[in-house]
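Paired with chain B in one complex and with chain C in the other, chain A is shared by the two complexes that follow.
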Partner chain A sequence: MYRSQVLALKYFSAAMALFGVMVLAGLLAACYYIHPDLLFGILHFNIAKILHIDTMIIWLLMGFMGALYWFLPEEFGRELAGIAAAEALFYVFCAAVAVVAIVFIFVQYGGANEATLWFINQGRKYVEAPRWAAIGVVVIMAVFAYNIIGTAYASRKITGITAVLMVDLVPLLALYLIAFPAISNMSTDLFWWWWLVHLWVEATWEVLIGCIMALTLMRLLGTPRRIVEMWLYIEVALVLGTGILGLGHHYFWIGTPAYWLAIGGFFSALEPLPLLGMVVHAVYDAGTHRMKTTNKPAFYWMMAEAFGNFLGGGVWGFMITLPQVNLYAHGTQWTVSHGHFAFWGAYASGVVSVIYLVVQKVRGAAELDGALWKWSFAALNIGLIGMVGALLVSGFAQAFVERAIGGSTHEAFIAGQENPWFVQGMIMRVIFGLIFAAGYAALMWDLLTIGKRAPVPAAVAVAAE
Partner chain B sequence: MSTPDLLQTALLLGVYVALAGLYGLFYAIARLATAPLIRGAAAFAGTLHVLMGAVVVLWTPLGTPWKGLIVASSAAVLVIPPLTWRLLQRSHETEIEG
Partner chain C sequence: MHVDDPAFWRAGAISTVLVMSVVLIMLTIDTLGAISAGSARVPAYAVINRHIDYKFDAKRGNDVPVITASEPFFGKAWEAAAAEALIEQGKLVIQSRACMDCHTFFGNGAYYAPDLTKAWLDPAWETWQAITGKPTREEAMAAFLMNPEMYRTWTRTMPNLGLTEPEAVATVAYLKWMAAVDSNGFPPNFGRMQKK
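For the complex of A and B:
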């Protein structure tokens, strides 16, 4: 095993641990909606929410990094350049995440000045980490980029997938720099902040997961490289073609010129189309292999990725993307419902699929199957669908009562929060969140044990029957 | 947009895309299984998708350009599954021959 593959295992372990923190913080944040005075004076809602969404970003990022540290030495046929620095930075990354989380918990609110921006909280959603930690992220991503580009240069071997990946690393790194400036004009700040949030998630991450899924497909189903690369080019072109200017759907109501209504609405309305192609592609792959594979969990999670992406990004996104509907729906639990479904489908399922693939290889299991992964698969997906359904109902109530009837006044906001449909949706979200948490526990146990359990020899199984 | 219109329009848009997905799913399964029932299901889902598009165009308060986009999207939705399938088949056949 290459050193970078050992590093990949560490990244996967850290990612799965942070996945657990995300689930716990999410459950806690969900409880505040039912009992707003929960942990009053001890842990504020905003901190639970920050921990939930920031760990979501970090566990997925660590999952992507783990996947690439695993696949790339095989792709280049050699150890990655600068692996010693990457190994050291893994521990720095984990320590920084822990320190930032501790600071968030111990300094929950207070005045804002230059020092707090550097050491406590930058105050921008998704990138709250203080500047020292944000600089750390830049260094880690720069070394990650060097690992890939430096290895490609040293090995003089660039495949279609690694070429796409290297091009993607530039905006991935550059866009994160938007996390730094403190702009006092809120419209200007939001304008650039969306470049970071949207273009990371709906452009650079899409390309990253496209490359990772291409590498996974080759190993999981033995799909030839030429086909995988051709589809990577097509899908990346389509996703970027619609996703980059789809950015405009975040510019509808932040004080930007009115032409963004047309640009954002048009391009984001096109976003489901490439996802439809992916659904057809997934069925083709599943059908030509007659659902037969030596790694069923990885295969099913990969299928969940294609369908989840279509439902979460396509169907849920399309409901709220046209300006006339978005006027009422933005910033409600409706968009939260879309966010949960889309992240789960587009990214989380893909990362879990890769981890199962790697687990099979590490444990040398000829076949990976069993009952537990099915339970975790079912509980996680039922929990997730239940949560997004409940959030959707609450979002409908908010859009209806608070926005359309109440006209977005403070009084209307309170009326929306007290509406029975909203409250019931929030309760159901916690119940399905618990099912999701049970699924996470089952997933963790399965990942720790699958492939280690001794397979029952066929002759013994027949005799037992 | 009135309050009932809001919910109605959003739900219709969601169902419109969901039916597009269902059409793609059944189309692909029908190509694999060649069972007449599934082929019928694909045609049914495709027809429902187009009908849903017509409902959005005729009965929602969306602006005319957005309604035009819905019509264009439906045309694309009907073409994407067969086009993707043909491309997939051709690329795999070429690989085997090569």
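For the complex of A and C:
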């Protein structure tokens, strides 16, 4: 096993631990809607929300890094360049995440000055981490980019997948620099902030997970490189062809010119196309292999990724993306419904699929199957879809009562939040959240034990590596 | 046409990304000019010295901010530089207290507390004026922001985030300036139901 692959296992472990923190913080945030006085004066909704969202970003990022640290030595046929720095930075990364979380929980906020932004909280959604930690993320991502680009240069071996990956790393790194400024003009601030959030989540991350899924498909189903690379190029063309100007759907209401209503509406309406292409690709590949695989959990999670990405990102996104609908849906629980479904489908399911693939390799199991992964798969997906449905009901009620009827004032907001449909949705969200949490516990137990329980004919040889 | 040739799709991907990126950069240059403070859509910070309303524009088909006569803000007129400093401070308050992780601004943020895009214009401040005993809207808002737990009007109470008086004044200024930004009619029908 390459040192880079050992590092990958550490990243997967950290990612799955943070996944757990995300679930707990999410459950806590959901409970505030039902018991508003919960922990009042001790820990408020905004801190639970920050922990929920930021750990999601970090665990997915760690999952992507783990996947690439695992696959790339095989792709390049050699150890990654600068692996010692990457190994050291893993511990720095984990320590920084822990310190930031402790500061969020125990310090929470500071005075209105630059020192607060540097050391406590930047207060910008998704990038609340203080600046010192954001600099740390830049350093880690820069070393990660060097690991890949330096290895490609040293090995003189660039495949279609690694070429796409390397080009993708440039905007991935450059866009994160937007995490630093505190621009007074909120319109300008949000304009650049969306460059970071949208062009990460709906562009560079989509390409990154496309590369990871291409590498996974080759190993999981033995799909020829020529085919996966062709699909990757199609995906890049469609994802970025629609997604770059699809950015416009965030520029409807922030003070930006009205031409964004047409541009954003048109291009974001096309954004489901590449995601539909991925479903076609996945179903085609699965069909040609008659659903036969030696790693059922990885296969099913990969299918969940394809369908979840299309439904959660594509269909749920399309529902609220036209400005005529978005005027009422924007900033309601309807958006939250889309956010949960999209992140789960597009990214979380893909990372879990890769981890199962790696677990099979590490444990040398000729075949990976069992009952527990099915329970965790069912509980996580039923829990997630239940939460998405509940949030959708609440979101419909809020858009209707608060926005369309009430006129969006403070009084209208309260009327929306107290509407029985809204309240029922919030309660159901917690119930399905608990099912999701049970699924997470089953997933963790399964990942720790699968392949150890069943006979493992090829175990000795691989484990000895 | 070689649709099964990866090189064909690679060329398509590169050209598509380049074209879209160039278009985005051109639109970005135009947009940044259109949303700079002092433009037609995003007023100068000294707008805090003017009366602001939000009315339906039949020609555009949506609500638009209407900026009219001068009105004192905390009892005086603010010079342009002082207004800018106030807005800078207000933005720092909003970030340092992570307001965006409960509230939304232009609909962006968390969804636990009301959207603040047009909060300055909210009819509810009349109630708060009565509760706080303050003669003006801005003073009532500042009093509320400094001690929100004292003025509970709902089950979800805003926590006390330790705002000093200058910080509260800066935050109110920020909300007033933001109400004057042309947000293409978002949020729709603001305050119209209460007026009826």
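Remarks
Criterion: the second predicted complex is superposed on the first by the 453 of 465 C-alpha atoms of A that agree within 3 Å, B and C clash if a C-alpha of one lies under 4 Å from a C-alpha of the other, contacts with A are read in each partner's own complex, and residues count from 1 in each chain.
By definition in this document, a contact is a pair of C-beta atoms (placed from the backbone, for glycine too) under 8 Å apart; a residue touches a chain by one contact, two chains touch by 3 or more.
Note that the coordinates shown come from a computational prediction; the quantities given were computed from them, not determined experimentally.
Once chain A of one complex is fitted onto chain A of the other, the partner contacts of A:I405 extend to both chain B and chain C. In the superposition on chain A, A:R226 makes contact with both chain B and chain C.
Looking at the superposition, the partner that touches the larger set of chain A residues, chain B or chain C, turns out to be C.
Residue contacts after overlaying the shared chain place A:P272 against chain B, while chain C stays out of touching range.
Of the two partner chains placed around the shared chain by superposition, chain B and chain C are both touched by A:Y328. Contact with chain C, but none with chain B, is seen for A:F191 once the two complexes are overlaid on the shared chain.
In the superposition on chain A, no contact is made by A:I427 with either chain B or chain C. Judged by the touch definition given at the top, the superposed model places A:W316 against chain B, while chain C stays out of reach.
Contacts of A:T288 after superposition: chain B is touched, whereas chain C is not reached.
Residue overlap on chain A between the chain B contacts of one complex and the chain C contacts of the other covers 226, 230, 327-328, 404-405. Interface residues of chain A facing chain C in the complex, by the touch rule stated above, are 32-33, 36-37, 40-41, 44-47, 49-50, 108-114, 116-117, 120-125, 128, 160, 182-191, 193, 226, 229-230, 233-234, 236-237, 240-241, 244-245, 247, 250-261, 263, 327-328, 330-333, 335-336, 403-414, 417. Residues 224, 226-227, 230-231, 262, 265-266, 269-270, 272-273, 276-277, 279-281, 283-284, 287-288, 310-311, 314-316, 318-320, 322, 324-325, 327-329, 396, 399-400, 404-405 of chain A are the ones touching chain B in the complex. On chain B, the positions that touch chain A within their shared complex are 1-3, 6-7, 9-11, 13-14, 16-18, 20-21, 24-25, 27-29, 31-33, 61-63, 65-66, 69, 73, 76-77, 80-81, 84-85, 88, 91-92, 95, 98. On chain C, the positions that touch chain A within their shared complex are 4-6, 9-10, 12-13, 16-17, 20-21, 23-24, 27-28, 30-32, 34-37, 41-42, 84, 87-102, 104-115, 117-119, 122-124, 154-157, 159, 161-162, 164, 167, 170, 178, 181-194.
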